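Some structures to go through are shown next.
Look at the two complexes coming up: chain A is in both, with chain B in one and chain C in the other.
Now for the complex of A and B:
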């Protein structure tokens, strides 16, 4: 009975005070990771392509940006946004907003490298053939190179998603009430529940990351046979 | 304050890199060993630690670990003034070593089995097989991802501010709250992180060049 009582606030870990109050707990981690991933994906494609541009004045700034963000700790990026976004925008930014912003910038520059590696891994002949057929450079990129590069990138993207999901725990430091914060709050208010609180935090992160990485391994195994043109950006064409 | 922060950050970098390198190697050997119990143990450790954020391990070692110990020991740890640093080293090591072992394991898969068979044929003991034949080749094979991981670990040392270890990021926050000169302090810290990361990249690239072997000569002699 005592044991079950220890976990009586499982809902707080899972969704925070969600239906009645603000969202929190594991749900917030997932939302944060989903926002960061979906937004940063588009920026990553722009950054990655920009880094591969033949024009020096485009390639260098993009390269610098990616390298600088990649060699700064995520926590530092979070602080930059936390302190300086209000200066830039001139209005108050919530902790959730600044964490999301930082994760988008961080995710974009990490994924840009994945995009770049993926594009470079497509054989050169593909681009040459596409240009010979008479496609414009943009069309060749979009219909020939990207679908193939995407297939190569997919495993790295998923493992990056796991890493990004775990990194959402950093929002704890600036005070977002996500899963780690929920655990710490419970363990401080009810010290007798310290083990239960930390167990729940660990279990929450572990379950989600483990299932994503399991999915990634199964996908990697299947990738050899799967027809990825089905996922391509060309509707109806194979 | 910045200087003590830099010192502690570098201390954390060096200690966690060395310890997690060692622990990661042991785990990798465990995970590919022929003893089933060791294999399961190693895999269990890696699967658990890799899927939980590093920040959790830091908080765990800082808040929960002293409670798990007998009460006198726990009290001694809680009153020990450098305990945040110790907890930081433990937490970062747990996080990093699982990644290191995973990287090394993939390095083992890249080495042909004939190497091990040759080592056995030469009459080397298991320890010697690993130390003199397998591990050097494994390290060489995985140098680029291992370097990336160590740089990632260096950046993760900034998380130790959450457990009040007085490292660089903590120092910038202190300066911000004491003097409101957060912009200057954060800029300096960011530049420091970028410089050290760049240095680590240079070291890894240098090592790669230094340890490179001419693969064509080997394949030729094989043929």
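Now for the complex of A and C:
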């Protein structure tokens, strides 16, 4: 019953005080994830390609950066930028800003490895064929390697997207009023409704994550109709 | 003209695919390279567009060194066509898109010009009706003919064939060889073909090379190298290649009788 009753707070869970006050709740998680995903995706391509560079002075620094971030807990990265960014850019950096920044750095490093694996999974002969017809290395990457690599990367990207969306809940720790924080606030106001409040939080995350995965599955099926020659992702199914 | 000057390449210890190779191939010559596996035949081809770097020596094409670090590689490569054993068509593009890509991106042709050129090439390899198919919808022989057309689209002066028929079903080999034979007969194009298709060599080759352990052992007319090679190693190889064929023929004959 308490759980049903919680739905009277639905607006607080979904959008926080928005539009009258500041944005919060699940909407904030979605916005945070959208920013983190789009920016980190862009940087991941740069990082991933950098790590594959034949030049040592490019490859090594990119590799170090990726490895350092990947071997640090997300919580540490969030804390670190929470304290470091205001120091660097001034006090006007919001908690939302530092959370987004941390998630971009984290997401970019993880996705860089997906990018790298995807590029390496394209048969070597493709690059050779592209070069011998006279394409430059950049053109070969742009028109031949990347389109094939993206199809290989797609499943990994989507599962990372889902997990990054859930990871936005960690922004709670530095005081971003997102869905988890909303649950905490409600449960503090009504201590006897703790279970119900957290159940609502779980429901919110589940709904969005599940929708992304469903959408992803249908997207993969649709793209799967473009046959990719011999490295079809499902054996026997072309 | 392609000139190898003292070219040396080593992969690891005891694996020297090119051991001080000196070679000069005149413009328009059709050269067939044969030899046992691991002899360095493929490497001999792959160092020309610098898909592999060499350790020592120099390779000169039409007076320009391609091994020089300042060489304009994209320019050099666009003058050289290469056909691979595994076809290496671009799987996300249709047959005609495979052919059109480089002329548009490298030579700056418009879509219309590139399309016209591609259709002419498809006609030449007899695959106009497959223009819109993806590589996965084509047989091995068809894929290889598209790959040849893709190389020809750049109008290269040199065509390199790296075992173009080795990955094909026996019944599909001839259609690819026919395209290559017509190319060779047309003349004007330097062709280097790594292949064990003795029939092809006999028909159109101006010159046959036999390689073993990174060294060119035999170099001469098809008759000299295939029928009466000077070295024992080459003689053994030739008799093996030719004998297998004879045995098969006999077997088939008995089977058919």
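In this text, the second predicted complex is superposed on the first by the 208 of 238 C-alpha atoms of A that agree within 3 Å, B and C clash if a C-alpha of one lies under 4 Å from a C-alpha of the other, contacts with A are read in each partner's own complex, and residues count from 1 in each chain.
To be clear about the criterion, contacts are C-beta pairs under 8 Å (C-beta built on N, C-alpha and C of every residue); 3 or more make two chains touch, one makes a residue touch a chain.
Values in this document were obtained by computation on a predicted structure and should not be read as measured data.
Using the contact criterion defined above for the overlaid structures, shared-chain residue A:94 touches neither chain B nor chain C, since it reaches no partner. Of the two partner chains placed around the shared chain by superposition, chain B is the only one that A:68 touches, whereas chain C remains out of contact.
Of the two partner chains, chain B is the only one that A:173 touches; chain C does not reach it. Of the two partner chains placed around the shared chain by superposition, neither chain B nor chain C is touched by A:218. Legend: residue contacts after superposition of the two complexes on their common chain; A:184 is shown touching chain B, with no touch to chain C. Legend: residue contacts after superposition of the two complexes on their common chain; A:125 is shown touching chain C, with no touch to chain B. Comparing chain B with chain C, more residues of chain A are touched by B. In the superposition on chain A, contact is made by A:147 with chain C only, not with chain B.
Shared-chain residue A:198: touches chain B; no touch with chain C. In the superposition on chain A, A:134 contacts chain C only, with no contact to chain B. Within chain A, no residue touches chain B in one complex and chain C in the other.
The residues of chain C lying in touch with chain A in their complex are 49, 51, 73-75, 77-82, 84, 86, 88-92, 101-102, 105-107, 134-137, 147, 150-151, 153-154. Residues 47-48, 50-56, 59-60, 63-64, 67, 151, 155-159, 161-162, 169, 172-173, 176, 182-183, 186, 189-190, 193-194, 197-198, 201 of chain B are the ones touching chain A in the complex. By the touch rule above, chain A contacts chain B in their complex via residues 68, 70-76, 79-80, 83-84, 162, 166-167, 169-170, 172-173, 180, 183-184, 187, 194-195, 198, 201-202, 205-206, 209-210, 213. Chain contact summary for the complex, chain A toward chain C: residues 123, 125-126, 128-136, 139, 143-144, 147-148, 151, 226-230, 238.
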